[in-house]
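We call the chains A, B, C and D, going by the order they appear; numbering starts again at 1 in every chain.
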Amino acid sequence: MIVVLKENTTKEQKGQLINWLKGQGLQVHESDGEYKTILGLVGDTTKVDKDMLEILEMVDHVTPISEPYKNANRKFHPKDSVIGAGDVKFGGGNFQVIAGPAAVESEEQLLNTARRVKAAGATVLRGSVFGVRKSPYAFQGLKDEGMKYLEEAKRETGLLLMTELQNIDDLKYYDNVDFIQVGARNMQNYDLLKELGHINKPVLLKRGLASTMEELLMSAEYIMAGGNEQVILCERGIRTFEEYTTDTLDISAVPALHLRTHLPVVVDPSNAAGHADMVTPLAMAATAAGADGLMIEVHEEPHKALKDGAQSLDPDEFDRLMDKVRKIREVLD
Amino acid sequence: MIVVLKENTTKEQKGQLINWLKGQGLQVHESDGEYKTILGLVGDTTKVDKDMLEILEMVDHVTPISEPYKNANRKFHPKDSVIGAGDVKFGGGNFQVIAGPAAVESEEQLLNTARRVKAAGATVLRGSVFGVRKSPYAFQGLKDEGMKYLEEAKRETGLLLMTELQNIDDLKYYDNVDFIQVGARNMQNYDLLKELGHINKPVLLKRGLASTMEELLMSAEYIMAGGNEQVILCERGIRTFEEYTTDTLDISAVPALHLRTHLPVVVDPSNAAGHADMVTPLAMAATAAGADGLMIEVHEEPHKALKDGAQSLDPDEFDRLMDKVRKIREVLD
Amino acid sequence: MIVVLKENTTKEQKGQLINWLKGQGLQVHESDGEYKTILGLVGDTTKVDKDMLEILEMVDHVTPISEPYKNANRKFHPKDSVIGAGDVKFGGGNFQVIAGPAAVESEEQLLNTARRVKAAGATVLRGSVFGVRKSPYAFQGLKDEGMKYLEEAKRETGLLLMTELQNIDDLKYYDNVDFIQVGARNMQNYDLLKELGHINKPVLLKRGLASTMEELLMSAEYIMAGGNEQVILCERGIRTFEEYTTDTLDISAVPALHLRTHLPVVVDPSNAAGHADMVTPLAMAATAAGADGLMIEVHEEPHKALKDGAQSLDPDEFDRLMDKVRKIREVLD
Amino acid sequence: MIVVLKENTTKEQKGQLINWLKGQGLQVHESDGEYKTILGLVGDTTKVDKDMLEILEMVDHVTPISEPYKNANRKFHPKDSVIGAGDVKFGGGNFQVIAGPAAVESEEQLLNTARRVKAAGATVLRGSVFGVRKSPYAFQGLKDEGMKYLEEAKRETGLLLMTELQNIDDLKYYDNVDFIQVGARNMQNYDLLKELGHINKPVLLKRGLASTMEELLMSAEYIMAGGNEQVILCERGIRTFEEYTTDTLDISAVPALHLRTHLPVVVDPSNAAGHADMVTPLAMAATAAGADGLMIEVHEEPHKALKDGAQSLDPDEFDRLMDKVRKIREVLD
């Protein structure tokens, strides 16, 4: 950590600060410039609060040298983490496709879709049951009834389940859910993240619409700091000025996160694209960039979907997507 | 609502859609162009799901003509809403200053600050007790103990209380809180908003870091649709590329929201500025733009604050700010 | 084009507007709602100025139905354009790799790099000679001397040349340049674009850092409206809040532009990534998404580059990238 | 300047770097941490190229301690610069209002508007004659004919002239123009900025739509480095996700720039607001925040304007705006 002092700092002030820092068990190296003084702090700086230092009158600014996240940091855990349930593993060379409808609408709809995505090679079934809509007047999800349909689809197809949790009070319904999804709007719902740190189940954490990758890693840290190290990161598009897509898929998140963390990185192209006709090229791009998995919205009859139909593939389109993705995976190996 | 059809739509498809729309009680006016057909829908379109129409194969796009929010819409409620508790009213010409520390740290800190902001003219005391920090390793708030200090400060000074609620389970501690704050990161925590629709207490709703004003109004709608119409909107800065400020205070939110909604609009310049030396000019600007109130972070000794010290004013600076704000208010009348 | 009138519009005002619109040769279809009136305009609306209509007191807003670009519009030119020089063609199934140093620094540097990228399969040599730097104190380019080195490299290797033009007065030096590049900062330098509309040479037009794809297409339109239809679009990353990359490569630009325009789309991953270790995965992603070409910065000794060394590959890294890109291209066919 | 070395740097590499840095006349202070080494550079680091250091294999990253701009830096020039022509001065307590139509359309339109804004208290007349429009099919400006109308208006009213220059070749028409405006889209047109560094006339430099304040200061530096220190900065709104305004007026630019530079800061609320009904509150806010001047679009008959009519005030509205701005200015003194 580097602390830069303002030019009018007195010797006395400087001495007090240095003594205090040494009292925290740190070594302090001083460089005096014409205008400013630079203090280089060496040792375990994780407990030094950057914000607290920065508001000292004599301090111009503070620059951390180490990353603020630890459990998620590849530096301390160089090998890829392999995270999953049963035989379905993400990371370390393992690649999975999560597929299913945006929202669970009926038993029949879900079962038909589940059979088709299973046949095409998906291993995890998705589907929201506790709804999130921007308007209070829109469809709000089937809740625990939808959960029963998911469980039925799991029994019949053998697909594992992933569904979103918004409210920790609903956790009681999630016994048969294999992967808990935290949605983009909840990425910084710290109360929820803390609770998920105390369970023993993999969590797929979606990046917020205007969040940086470092903020995503800090949210992963919230879960991991509680003891649950089974976190899968998910890039699903960020908000930009562009209007031809709902959000902008940040494909760089795949290599950029892989450089910094050992956690698997999954890409959801459906939400970002917002239109079915862009989902396949984006899925291919994500695969080629080295993603550890994909999440694809598939609906039996997209034009009848109660949520996000415009961005859902129909089962035939999903078949063709899976063929192309498989070919790209073969090239990578 | 306007529905634009693709150029290759058959007469039969068009006929079916028009019949279905008429079945919803709407009048449909058709304009046939060389490439596209335009349908103008007249009547109560609030129940027509724009997303559902848009995914029909024949539909190019749908443009709503009416705003998607109703309870918050000035069109249906032309007079300013006046919202408050006791004698402390926001809106319709009423202007209030909310002040206090970012976080409640100790009884003494809070009381000293409360006495000073009361003397300077503030009417509401702020202070977070259930903490929100980006790092799991940082100070997390005093919780119910902090709430007791807030109540003590209210008893002693007569200031009303405003504090943030993140988790609906904590509501039991909020009996003596006069205004509930919903923070920027929770602006789209719909479960929380729905619950706040069922209580009888004013809610100050902060705009999300990357949210549009329309999204803010839709979140207000979530609360109002539940029956609680006491919503105060708060502009606190949005995320942009700028690095000299923490966030960019969107001063246009004051006139732009006033044109569209009857709800009061309060401005919080402290969070946006991120540095105390910009808070006063921004507070003056917000007042001149016609804000219905200000929220200002004040700390007895900013350089010792456990949270957001860099952006807090000390009580002397706050006195001077209040003088200037008062003069601007006089000019406006 | 749809014109929505305000609710308080008088019959007389409406009649005058409709007459005026009909005088422009348009058919006008009227739909009267409870609050607003909708006018659907049918005919050649390209000459109707949206801005002018929108400021009429009675007009609430105007929604164009047709795209504002014509020459670049796939609707009027469904087949892919194939654009190039000599045998080097972009688009319609043709894929090319443009490679070379960010800036031309010396004859030897350029020749060594040119030989290596040619051997690896690149067909166009890039290299800036008229420099663009944010600081007036940084290296400003070799100018016409650098142009001679480019010509020498072309003679020796047979690679075609692409280099940036910032100032139309420099065009006299560009006789032997095969492709003129317009940089991101000049995407809306309309004086430059107009001049490039009068020459007979392909132009690679880079998307601005905060520009939408529609703005990119409108800038292409400026060139094409002048008579030069040889425009290649280039996605090179947009500015977002993300800090792990210099800019965010908008991979969706490949399918989104292909849907709307017949012009080829090239991707430059070097500028967006900002770090060499992300360039290869991004190049693979762009290829898999269907790009018509890549632009890659290659430097003999990246750590000695006078510009953008951090994001340049060395020739060995470029060899490996080309191998991987070739394999992805094979899968696509 | 701080240079952080990677953990695997050998002693030899480190030694070579330190020697090279010392050869540049710098003192180098070394702090060795467990993972990384920090070098603090003391002396004149303005000639050390940050980018060049950063691409050295051993370097993790480089953090500048000093600002990259010098001539514009308040640190080296603590007193406010007062910049103007004749008696019309901006900065150091001087406040001016620039007003006029977005584009010059006819002699009569310009003269009528000029008389009215002069009477209301404006001192500088604005009006574009060399047009900038996003579409090649829109009105492109009256060019040198428009310039004659501006000169005529100056002769008759005594108002000074400010108009935009896009192309350095047009400078020959600007003899009677008192202030040259550089538009937002040209803020990083470095060729243009360099040329403006060699003239002796004040330049009003508008901030780019997606530019940071530091980038604005670096563009000012381009002009000042050439010898022309008469630069006035102008905040005119930045691009954000917000849709109720054309751009988001960054009101914080006023205090944030005043803290860092001695140059005057003018605010243009018309472009940002995009609608006349928000211009007055934003102008009042800018004045209250301490702006050194305002630029306001005024049009005799806004609904007939050929450019930007929606955001133009009519002369009566401008009279009322001037009254309110004057009252705020009185409070500030």
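Some points to look at:
The rule is simple: a residue touches a chain if its C-beta (ideal position, glycine included) is under 8 Å from a C-beta of that chain, and two chains touch if they have at least 3 such contacts.
All of these numbers come straight from a predicted model, not from anything done at the bench.
In terms of the distance between Cα centroids, chain D is separated most widely from A. When the interfaces A-B and A-D are ranked by C-beta pairs in contact, the top one is A-B. Distance between chain B and chain D, defined via averaged C-alpha coordinates, is recorded as 31 Å.
The mean-CA centres of chain A and chain B are about 27 angstrom from one another, to the nearest whole unit. The distance from the centre of chain A to the centre of chain D, with each centre set as the mean of the Cα atoms, comes to 39 Å. Each of residues 210, 239, 241 in chain C touches at least two other chains. Of all residues in chain B, only 210-214, 238, 240-245, 248-252, 254-256, 259-260, 272-273, 277-278, 281-282, 284-290, 324, 327-328, 330-331 touch chain D in the complex they form. Remark: chain C residues 2, 4, 27, 29-36, 38, 40-43, 60, 63, 65-66, 75, 239, 241 touch chain B in the complex. Residues of chain C that touch chain D in their complex: 46-47, 49, 51-52, 54-57, 68, 132-139, 166-167, 169, 185-186, 188-191, 194, 209-210, 215, 218, 221-222, 225-226, 239, 302-303, 305-310.
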